[in-house]
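Chain IDs A, B, C and D follow the sequence of writing; residue 1 opens each chain.
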Amino acid sequence: MARGRVVIEQAESAVLHGNAAGDPHVRSVPVYLPPSYDASERRRFPVAFVLTGFTGRGRMLLNDNPWSPSLEDRMDDLVARRLCGEMILVMPDCFTRFGGSQYLNSTATGRYQDHVIQELVPLIDRKYRTLADRDHRGVMGKSSGGYGALVFGMLHSDTFGALACHSGDLYFDYCYRGDVPKFCSEIQQAGGLEAWLTKFEAKLQKKHEDLLVLNIIGMAAAYSPNPATAPFGVDLPCDLESGEFREEVWARWLELDPIRMLDRYGEALRSLRLLYMDCGTKDEWHLHHGARLFTRRLKALGIAHEYEEFDDGHLNVSYRYDVSLPRMSRALGAEP
Amino acid sequence: MARGRVVIEQAESAVLHGNAAGDPHVRSVPVYLPPSYDASERRRFPVAFVLTGFTGRGRMLLNDNPWSPSLEDRMDDLVARRLCGEMILVMPDCFTRFGGSQYLNSTATGRYQDHVIQELVPLIDRKYRTLADRDHRGVMGKSSGGYGALVFGMLHSDTFGALACHSGDLYFDYCYRGDVPKFCSEIQQAGGLEAWLTKFEAKLQKKHEDLLVLNIIGMAAAYSPNPATAPFGVDLPCDLESGEFREEVWARWLELDPIRMLDRYGEALRSLRLLYMDCGTKDEWHLHHGARLFTRRLKALGIAHEYEEFDDGHLNVSYRYDVSLPRMSRALGAEP
Amino acid sequence: MARGRVVIEQAESAVLHGNAAGDPHVRSVPVYLPPSYDASERRRFPVAFVLTGFTGRGRMLLNDNPWSPSLEDRMDDLVARRLCGEMILVMPDCFTRFGGSQYLNSTATGRYQDHVIQELVPLIDRKYRTLADRDHRGVMGKSSGGYGALVFGMLHSDTFGALACHSGDLYFDYCYRGDVPKFCSEIQQAGGLEAWLTKFEAKLQKKHEDLLVLNIIGMAAAYSPNPATAPFGVDLPCDLESGEFREEVWARWLELDPIRMLDRYGEALRSLRLLYMDCGTKDEWHLHHGARLFTRRLKALGIAHEYEEFDDGHLNVSYRYDVSLPRMSRALGAEP
Amino acid sequence: MARGRVVIEQAESAVLHGNAAGDPHVRSVPVYLPPSYDASERRRFPVAFVLTGFTGRGRMLLNDNPWSPSLEDRMDDLVARRLCGEMILVMPDCFTRFGGSQYLNSTATGRYQDHVIQELVPLIDRKYRTLADRDHRGVMGKSSGGYGALVFGMLHSDTFGALACHSGDLYFDYCYRGDVPKFCSEIQQAGGLEAWLTKFEAKLQKKHEDLLVLNIIGMAAAYSPNPATAPFGVDLPCDLESGEFREEVWARWLELDPIRMLDRYGEALRSLRLLYMDCGTKDEWHLHHGARLFTRRLKALGIAHEYEEFDDGHLNVSYRYDVSLPRMSRALGAEP
């Protein structure tokens, strides 16, 4: 079987330099070059940006497992079986101390949206033989990466001409809100946000419950940053003193819920060559409800899309890339 | 050790006759008579009504366990150790097909509030040597029973002169709302409310997850009944077709959240001889937040109360009766 | 529906007086008298002794649950539906500080076998209108109670003429041995048996894992007592210092494994009017393997028996009494 | 920070060609070359072989995680902080269809011990600038990889002069035997070994419980192969028909328990420059007991070794390499 190869770009970011969260501004960004890339010095290829979920970064897409291939092995296999045309895959690293950035610009984390659009896209086009236009450039991802893909599709359809969203963060009322009370208790018990985070970072084992708490911190950093708030420039969705839910902060989160964004930015989606979504019917964060509501709205608006449900939960579903990568390669005109 | 004894009253209820949920109108109501009850034919005793939580009924308070005494054994012990004066305990059965009634009147379940106030209280005063006035009659309970106690204290302070609320249902935004998405998925997957309930009732083992779903049904039956809605005369907090949260139904629930009721009915609490509340700091339904918000409000209003937190979760905390029963007996003037 | 009634006998035991574990020698033993018991002063009834599992005692068989009737309610219902003839049910309390006694005599716990055979059987025959012979007296139980029933059937078939064993402790290699390493770690970590037990007894919540540890203590107290061993007169199946498994102690346990006892005492089972066994195919202690091996041996020996498997685990399977009680009542000649 | 680099060797194995389990005979073997490797064309380096646990293969040691560095990143960091001298790390792939090989030769899986000793060691020495003798070659690993390291130390101390064993499989009576009953039930329920494995391989999600079952299959394939047994040439530790434990098969397993091997092969360990072992005190497979018994024996035999315990379980403990790699590099004479 012909195999592609992976180059790890050390991307130095100007927009992330000196970011508020203190995260590095040089990032390892794996770039998958398809099997024929080295065979010809002229052939150009479409590009898909693949976005990881919360607590992830690009390199993790290459992680090996005997029963769940890395993205690299998966793509080699799809190309070999002629289910995918050949294309370049780019795996950004938008991880932060708070677990992720949702691929948004935020004063609390950094300008991760700008990093992708203004820095990584040009970098890849400069260094690799890409078909360097939006019709040959797609974005896809899972969970927070699916969220990122949807948002890029709405806000940057001039950059990305196709998107695939697996189990994306949607309908925040269902996917985040229910975790706020637990988050509140844990932070209170730790003695505040900074104390909690310090303790979390020192833990050799990060437990599932810890990650639920971190998730709310990460979302607050992305959706309700506030430079005036100590210690991290983040407004939380609950009052740490009284424990009360903060509706005014929640309203800010909802502004960035794709379900709500659809009203303002939905038109951009009409221009996409692919708008693919899926979700597991047992998603532990209830994201299938969001996916249904979103695609129901798309249908009502007459925006072309594909939607699939599968019988599984939220985690370890990278096998869904076997469904989206072929669609993406077709949409981007990738050739065998 | 001198022991009390338990009589099981077969209480025939007129107000529950022909109730909408099809539940029996004759109920087994255990009545604990303290050690000295039979010694004198004249002595009268204060009475405390003890309300069970969701999925409970009075008889369950007598359940035996080698490491967690029944209410009867617990009371005998407290009396013997002179920590409690002697009083009568009444254990109503307000269970329904939907797991409980919240001790409210509802067209979907039945008039359980009326059953307690108009039927059980007079029955007990008629058949037993009680001190038959509100100053010698208290109400207490845990979880939904704590909710019931709070509500009786606000709406029926002429009947009950003291209350104790352990881990009571409060601040519905935290204790119920987070379970709605899961509820919605489960009901949809079962093919609707009736199909789910039929399946549930046939299950030999009721799993924790099943009871989470039943809980939302039970709360909807109590808080948002609607005789016009098939099959059970209940408005649900989500749209079963789209999956969407129903804010207008939720608003009805909030009307019966003690946190909100305090505005309208809080004054009644001033007259109580005892207003005791507690909650575990690891309550899985996050009820400690509600308890804190409620008592914070009480404090602001200048309403006397006692509040304790303990280091535990929501379940198997009947040992907290060792804290409330002595207070209740003192408040009701029970004598050794 | 005609209902039976329950009398709680306060059985004072001579053989348990001053027992090594310091447990009470007066026990509450519920006696269920069937609906017709009070109707005639002459009619005599068969008797079934019902033995609870580990951590249980007779009173717990009466515990109420809206979806799982108490033994009393279950029996009333079976009699009303004419599935059972009328018989007396006796619910011994052979609980100990170590969680149970396996209904055996042991220097570490007490003479619980003698207590049942020499004290409770005569007491019941003396105080109630029983058919006081082995052909009208049966024994049944679940888990450790099923073990007790099997052992009584083998060792005391002159006292009991019928037995039913639900999910009984059998094939110790599978049901206990796998828990020894965990037991060993927990006891070592606590600083020894006494320290562990003290801590356990002080815990407000007994966790599942705690009960696994207690189970090994309880079994050691029953199967390998040794008055010379401090602190509790019990030889453990592992060396607390090195952690090593102790084959010589294990050999003593195996002597009391019904699978092995069958060789020595199996003949006694031929005389039984009923030898009923069942087990769930998902038994968490793997007891279905033991049940299969035991009944396979019975078959090879030509000993009449009935064996059923059901699709469930070990816990909360009291609905199986609906299967065994009718068989028991028939075997004992109980009449409607 | 100076960084090493990783080369993925495609190792073609003669001894694995046509292996019984049908696994590939060409394996991806990552080789970590330390920062200075490319700086000089003459410098030679010690080599450590790092063995993964059950269900693992060499590439997985490179998996990325934001809070748990890959072996590559970990080594770069240790070298940069001068805690480790520079050495080459080799990550063999001895994975099989049954989840692993225990690095043994077996007719059921293949000659994995020979593959490492006869093929990989010479390959690495041929292709890389190694210090090609046993005093500069070590072996280390975790769990089944720790088992492999111990066994290589006992059987091939002429090849490896140092070993480190993290949470290695030891004292089979505690670490495997308790899972046999569950294994037996699962295989029976699936309708046999082949049916189970087919179903397992088709599962998109491998659950923890599935891996427990696979573990017993894998160990049987390693410890009790039998070419005469259909379908996989493996004798199982239980009789699938009766469910009974098979002592005679178990005896074969025990022959390969390091605790027992010590009697026959322990002398070889005296020659090691490093014999390091550790284990978590909450190891879910109870391996701390085995580690204690093993090191207790080493002490009695006067064999030099180091042993540490840490407060954690069995999984996600790769941070322990931070303890063993420096020791290994010192033992092998690696220089900064």
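By definition in this document, a contact is a pair of C-beta atoms (placed from the backbone, for glycine too) under 8 Å apart; a residue touches a chain by one contact, two chains touch by 3 or more.
Computed from a predicted structure; not experimentally measured.
Enquirer: Quick check on the contact network: minimum steps from subunit B to subunit D?
Expert: 2
Enquirer: Averaging only over C-alpha atoms, locate the centres of subunit A and subunit B and give their separation in whole Å.
Expert: That pair's centroid distance is 46 Å.
Enquirer: Where the centres are mean C-alpha positions, what is the separation of subunit B from subunit C, in Å?
Expert: Measuring from centre to centre gives 36 Å for this pair.
Enquirer: Find the geometric centre of each of subunit A and subunit C from their Cα atoms only, then give the gap between the two centres in Å, rounded to an integer.
Expert: 57
Enquirer: Indicate the residues of subunit C shared as contacts by at least two other chains.
Expert: none
Enquirer: Identify every two-chain combination in which the chains touch.
Expert: Per the contact definition above, the touching pairs are A-B, A-D, B-C, C-D.
Enquirer: Across the complex, what residues on subunit A touch subunit D?
Expert: 55-57, 59-60, 62-67, 95, 201, 204-206, 312, 316-317, 319
Enquirer: Quick check: in the complex, which residue numbers of subunit D touch subunit C?
Expert: 173-175, 177-182, 184-185, 189, 242-245, 281-282, 286, 288-289, 292-293, 296
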